[in-house]
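Below are two complexes that have chain A in common, paired first with chain B and then with chain C.
Our next item is the complex of A and B:
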């Protein structure tokens, strides 16, 4: 029975991709700070900076293709994520939102760029740090705008509720604002990138493994590869969507902190 | 502005439900451990969901 499940000829079973595939060894030396995700982060910073420097350097009334691309992304973040959600004070936050969006987007797309092929955000520490930034920003903004007492009071006490009910509701409000928000923000991004990368690994490594099997399995392997390619396009969509959602939620939290009541 | 409210509501509801279950479920779990019982977790979870739904109604349901 066992031999039925044994796919390859050399008698070695298929090793399914697992979370071990995300723990990459250091590129050089014996240092945990020289792993691939770290270099990808630096690369993304360089790429984003160079792209937007080039696209805005020779700004002209009739834009070049590069300028047009850069300005499209900028105006998307400024108008759809900044102005429409935060309201009249939005310009202060556009630099943060714009940096966040382009940074997350670039790092996500690394997951399907040939030879890089690793979404940085599938290592959970990176989304954690980004969520901490957003956490600090929206609480700071709220406290600056309304004063710490009023800000906390607004969070903790929903108006129009009989007093004893606050025992029930206040812990939930506090947990939402100080724990669940940053946690869901980072874990959503992490889990999507992690699962997407794993999915691609399954289909492409699986296809490769099938190809080494007997003739019948060789015939199946192109379908696995085709699925892998199809999923790569699907992943591209997910990667853009997650970068968008991360920035959208940051904008929503800032808007919530700026609003007078909740 | 309509889009903003809808988006906000969607994510807030999710957050409230999660934190309601986490907090009151956590309290129930702690009581279970402390008193060696088995039903406080369930009570806590239900209480948390109920309170979260009430909170959602307070914020988005009434005018």
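Our next item is the complex of A and C:
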């Protein structure tokens, strides 16, 4: 029985996928701007731009199928993420939220698109950049709306709290607004994409490796592939969800900065 | 390459960002933001505004049409009831007029009948008078003739003759009474 599961006699063990699998070498020479993730980011910009330019080109009262598709995504972000959360000033932030959602969603879905098969957001640099944008936007909005003094005062000294509590609350609030929010925002997205891609690698590379083994292992390998396919669907859900959460949290932070009291 | 994978020390820390990727991420996102903000969002908003306007316009038009229809209906009902009243009045008038005409005709007919009756009476009376007069002379002549035959006495004298006849007739009348 043991021999049935023994790996191939060459002694070449299975190399589990690691974070190194995300370090893709430049395509052209040593140029760090020619890696796959960077091409994918530009591809996402082109795809999203072309799709929405085409679907919004006519802006007809009675939409075509294409316009309807584009409009559905746009009005989802505009109404469910913008209007319902930010309130009456939401229109100013719709372009940002819309860009955020479509950009993150497209780059996430690249993770399961055949041949591309790499979620760009599993490169931590991109979530960092987006989190910094959101960080700048919501603080800027809050300062513009309430003045820097009142804005900082509201963050540090939450109104309606007994004074001694500030000893605890002020550091927590400061950390929340200036450290935890951007960090969790970027790391949540990054970690989900990273872990998801790693999981797919484990099952699919594992299945491949099992298939090279002896008969017993060959029989198991289809299960690994099947699991990999099931996980692909699961990944699709996670990818959409993470794009939604990133945009939702950005909208919530903006709404919080706009509100008179935090 | 494979050997290096076993060495944990050589593993890359996935949390460390790459400068190139940071730059590309910021540039790409900004590009997309500019495109979507300047071209896509205004067009979708325009479509939404126009759609809202179209729907509202349609609803207003429908409301107006409904009001119009209601007004027309009220007007028709009004006209209908007026027409009914008029018809009722006309029937009433006709009935009254008919009665009047019948009454008038009846009166006329009665008058005519009375007139005809009166004329008949008059003519009968005159004919009776005529008959009485002629009878009186004829009966007188016959009676005289008869009497003269019976009595044998000629009653030639006209004057006497008529006196006798008159007296006879008077006697007759008296006895008749």
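Everything below uses one rule, namely that the second predicted complex is superposed on the first by the 253 of 262 C-alpha atoms of A that agree within 3 Å, B and C clash if a C-alpha of one lies under 4 Å from a C-alpha of the other, contacts with A are read in each partner's own complex, and residues count from 1 in each chain.
In this text, a residue touches a chain if its C-beta (ideal position, glycine included) is under 8 Å from a C-beta of that chain, and two chains touch if they have at least 3 such contacts.
Everything numeric in this text was worked out from a predicted model, so none of it was measured.
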Joint occupancy of chain A by chain B and chain C, clash or fit: fit
Touched partner set for A:160, first chain B, second chain C, both or neither: first
Which of chain B and chain C A:85 touches, first, second, both or neither: first
Which superposed partner A:181 touches (first chain B, second chain C, both, neither): first
Chain B versus chain C as contact partner of A:168, first or second or both or neither: first
Partner chain(s) touched by A:215 [first = chain B, second = chain C, both, neither]: neither
Broader residue contact with chain A after superposition on the shared chain, chain B or chain C: C
Touching partner for A:252 - first (chain B), second (chain C), both, neither: first
Chain B versus chain C as contact partner of A:123, first or second or both or neither: second
Partner chain in contact with A:149 - chain B first, chain C second, else both or neither: neither
Minimum distance between Cα atoms of chain B and chain C in the superposition (Å): 18
Parts of chain A lying in touch with chain C, wherever the complex brings them together: 15, 18-20, 22-23, 32-33, 35, 37-38, 41-42, 44-45, 48-49, 52-53, 56-57, 59-61, 63, 67, 70-71, 74-75, 78, 94-96, 98-99, 102-103, 122-126, 128-130, 133, 187, 190, 194
Chain A-facing residues of chain B, complex: 3-4, 7-8, 11-12, 14-16, 18-20, 22-24, 47-48, 51-52, 54-55, 58-59, 62
Of chain A, residues touching chain B in the complex: 84-85, 158, 160-161, 165, 168-169, 171-173, 175-176, 179-181, 184, 248-249, 252, 255-256, 262
Residues of chain C that touch chain A when the two form their complex: 2, 5, 10-22, 24-26, 28-29, 31-33, 35-37, 39-41, 43-44, 46-48, 50-51, 54
